[in-house]
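These notes are about the structure you will find just below.
Letters A, B and C mark the chains in the order given here, with residues in each chain numbered from 1 onward.
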Amino acid sequence: MPLLEVQKLSVAFPKPGGYEEVLREVSFCLEAGETLALIGESGGGKSVLIEALLRLLPRESRVSGRAFFQGRDLLSMPLREHRSLLGQKIAWIPQAATEALHPLLPVGFQLAEPLLVRGIPRREAYARLVGLFRALDLPEEALHRYPHQLSGGMRQRALVAGALATGATLVLADEPTKGVDVLRKDQTIALFQKSRVLNPGMGLLLVTHDLPFAQALAQKVVVLYAGKVVEEGKAQTFFQGPLHPYAQALLEALPERGFKPLPLGLGREGRGGCPFFPFCPEGSMPCEERDPPLFQTPKGRVRCWRYGDTGP
Amino acid sequence: MKIAILTLLTPSLGLLALSFFLPYPRASFPAYLPPGPGHPLGTDDAGYDVLSLLAHGARTTLGVGFLAGSLATFLGAGIGGSAGLWSRLEAPLMRLTDLFFAFPRLPLLILMSLYLRPDPLNAVLVLALFGWPDTARTLRPLVAGLRQAGYVRVARSLGAGGVYLLTQHVLPQAWPLVATQWILEVRFALIAGAGLAFLGLTDPTRPDWGVMLFQAFNRTETFLGPYWIWTVLPPALALASLVLGLSLVVLGRPRQLDPRLGG
Amino acid sequence: MRRVLALLGQNLALALLALALNFLLLRLAPASPFAALERDDLGTVFTAEQRARLEAHYGLDRPLWAQFLAYFGRLFQGRLGESLYFNQPVTQVIAPYLANTAILVGLGFFPALLVGLLLALLSVAFHRTPLDGGLFTTMILLKSLPPYFTAMALLLLLAVLWPLFPTTATSLPGMGFGENLRRLFLPVLAYALWEVGTIYLVARGALFSVLGSPFVAYARAKGVPESWVYLRHVLRAALPPLLARITLLLAGSLGGVFFVERVFAYPGLSTLALAAVGRFDYPLLEGVFLVSLGAVLFLNLLADLLLAFLDPRTREAA
């Protein structure tokens, strides 16, 4: 059984004049022990996906679909049951480290909180954190400091440590390398790898723009564009040569391959046809009119007319 | 709702009207007469007819309240509006507003009661001085927002001057808010004015609802017998109904008014 | 430390302004204000000796700048003069009444604070339920009634119509502790009821604004139980600005205390103020003015200090 199986997850937010769809029938699987990188541009709904899984979305949003965690649907289970999973079996590394931390409580306490709430004695909780801090090159005394006394990068790393300290089976990491410099990034990679060894069943859902980081850790890659999955495949083959034009553009924008301007924006909304069409260097007939389905290829699945029959 | 408002406001207006028909109260009757023939509301501790006190008191209480409230609104709108309209004036004017707002009121009242003759005009001035910062603070953001509004900028680019803008553009838009503020200021002035009288800081010889309460509470016998029923209740209820009525009027107005929460 | 000094400075400025006003008002009058006193319509008669004493005390015969210096010198020494009516130093006269007012405020404010906070927490936790709506409406009503209304209503209900409590709060020597408490109960309750409305509303607003913060979501995502989220995270974050604001409220509510005192004939500062006004006891009234000014400004300063103390960010921002 996959650790996390997301089926047709859709999220829409109310907007004057209707709803804005941010995620459209997103589906993927994450196996135990696997790292899945969720790639896409900012604002593309990646954080929303995590928030949906955590049931932290505002009350007015419309969520449909299912997300099975170890066989149980996170989205429809009773709230109390869901809450008991959080901080124990499921851990979150939020994106905006500055705002995620309570300004008036010491950092150490906040990170230890999920452990303390479960009755784990203070000393042990802090000991775990100290070990992780060391691995991330964070001074032990940072535990006793307040968030505003740490730099942005330090806060981000602290959050990583906090999530790993819980020993959770599923870690949802939202841009864990944001604001973190290269040296520390390597340490973060090392730490995640080590965690996989120490906690063999741990599944890591990695939401990131940071493609080298993703490449170093992921076994599977899912690309989101305009709220839909446009490519899915094994990481190794993906990074050697992605299939979808958008993914190709992403990779080409990397400094190593020479900068190419990346088309921003979510593409055409509600006009039928592939949302990437306006920016696609290879757009042709069917692309303008009909949104392609996901086609299965030997290298993975792609949502692009170039890889499948247009059909009748 | 409207019925409630009308019911609440009628007594005060009725009493005001009555004051023109009843003789000015004089201490010519026996004290503490219960309500009965000749004295529908009885007499107070000094032998004044309560009903005529109430009616003539309406003139003072309502007069001071409305005058002070209107003055406060005028001042506040003027200062707040100017601060919103002319950005160079904004900082100093708002600093001034904050100063008046933060100034400890009670000590100042005590001081003023010592040096100013306790006549209604002084009361009006003092109350207005305490009341205007509220309106100024509420109005400024609105006016400042209007200044940025599209049609205002267009008018300015066509050469419209300050006064023209004020009268043709700002005033029509700000008017509903000013009206609401006016009601609130009057309400505040009424409460504060009656409060001042109740504390004994105004002229006790002028009939006034607050003064009536002051006199009643100054006498130990007020609560030892049934006297409070006609010496305390009439002015208290008159004031309460008026204040409540005004509150309802404000509540009933559409949402220009940000809920007066948070102190 | 520098921050504390800066705050002190600000409050000092306001204090000086008020004091200067006090100084000026007396001396800017065209003639000696005491000239009118010999023949006033309330029947108070000043002897020539008393008038001479007053004028000497205020030094009205000396040049203005000398008076100014003397005034502030006098103040800093704590010499507030002698009450004309009581023939005692003003400070001595004021002390017991001040203590009474302080007791009333203290006994009334802290329960109001606790209850207001608690109810606000409940309201926020049970937002969108009838509990919140009901509490909210009740509190708005409570707050919009002037303090003397609430006090009078309580008086009528609990002391007159249904004589559970005495109608006046004066305490006579020889009364036991229990009896004194009984007398205190209604005034304290009246004051507390009035304050709790405002505290509730302010607290509710502050808690709501904190509720949307990201760290609340993060706390929930860590599996922290809901009650903990409210008590440890939401309340903690809202507390610094809230307490500061509430302290300011306290400063502003001194006026309300006076009303409550009057309704129940409670022997506090208001009684003294009234007596002084009625008897044209200038030194005494000036003393009451200074004391209430001092209290208000002290509370203002306390509010600023509280904020700095509770929020580690402001501590370093200086």
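The rule is short, and it goes like this: a contact is a pair of C-beta atoms (placed from the backbone, for glycine too) under 8 Å apart; a residue touches a chain by one contact, two chains touch by 3 or more.
Values in this document were obtained by computation on a predicted structure and should not be read as measured data.
Peer 1: For this structure, which two chains have more C-beta pairs in contact than any other pair?
Peer 2: Chains joined by the most C-beta contact pairs: B-C.
Peer 1: Give the identifier of the chain nearest to the protein's overall CA centre, each chain being represented by its own CA mean.
Peer 2: C
Peer 1: Would you mind pulling out the distance in Å between where the CA atoms of chain A average out and where those of chain B do?
Peer 2: Centre-to-centre distance between chain A and chain B: 60 Å.
Peer 1: Provide the C-alpha centroid distance between chain A and chain C, rounded to the nearest whole angstrom.
Peer 2: For chain A versus chain C, the centre distance works out to 54 Å.
Peer 1: Distance between chain B and chain C based on Cα centroids, please, to the nearest Å.
Peer 2: Comparing mean C-alpha positions, chain C is 23 Å from chain B.
Peer 1: Please set out, as single numbers or ranges, the residues of chain B touching at least two other chains.
Peer 2: Not one residue of chain B touches more than one other chain, so the list is empty.
Peer 1: Can you pull out the residues of chain C that are in contact with at least two other chains?
Peer 2: Residues of chain C never touch two or more of the other chains.
Peer 1: Chain C touches which residues of chain B in the complex?
Peer 2: The touching residues are 102-115, 191, 194-195, 198-201, 213, 217, 220, 223, 228, 232, 236, 240, 243, 247, 261-263.
Peer 1: Would you tell me which residues of chain C are touching chain B in their complex?
Peer 2: Residue list for chain C touching chain B: 14, 18, 21-22, 25-26, 29, 33, 140, 144, 146, 148-149, 152, 155-156, 159-160, 167-168, 198, 201-202, 204-206, 245, 249, 251-252, 254-255, 258-259, 262-263, 265, 270, 273-274, 277-278, 282, 285-286, 288-290, 292-293, 296-297, 300.
Peer 1: Within the complex, which stretch of chain A touches chain C?
Peer 2: Interface residues on the chain A side: 51, 54, 56, 83-88, 91-92, 94, 96, 99-105, 113-114, 117-118, 146, 148.
Peer 1: Could you list, by residue number, the parts of chain C that touch chain A in their complex?
Peer 2: Contacts found on chain C: 213-215, 217-226, 228, 232-233, 236-237, 240, 310-313, 316.
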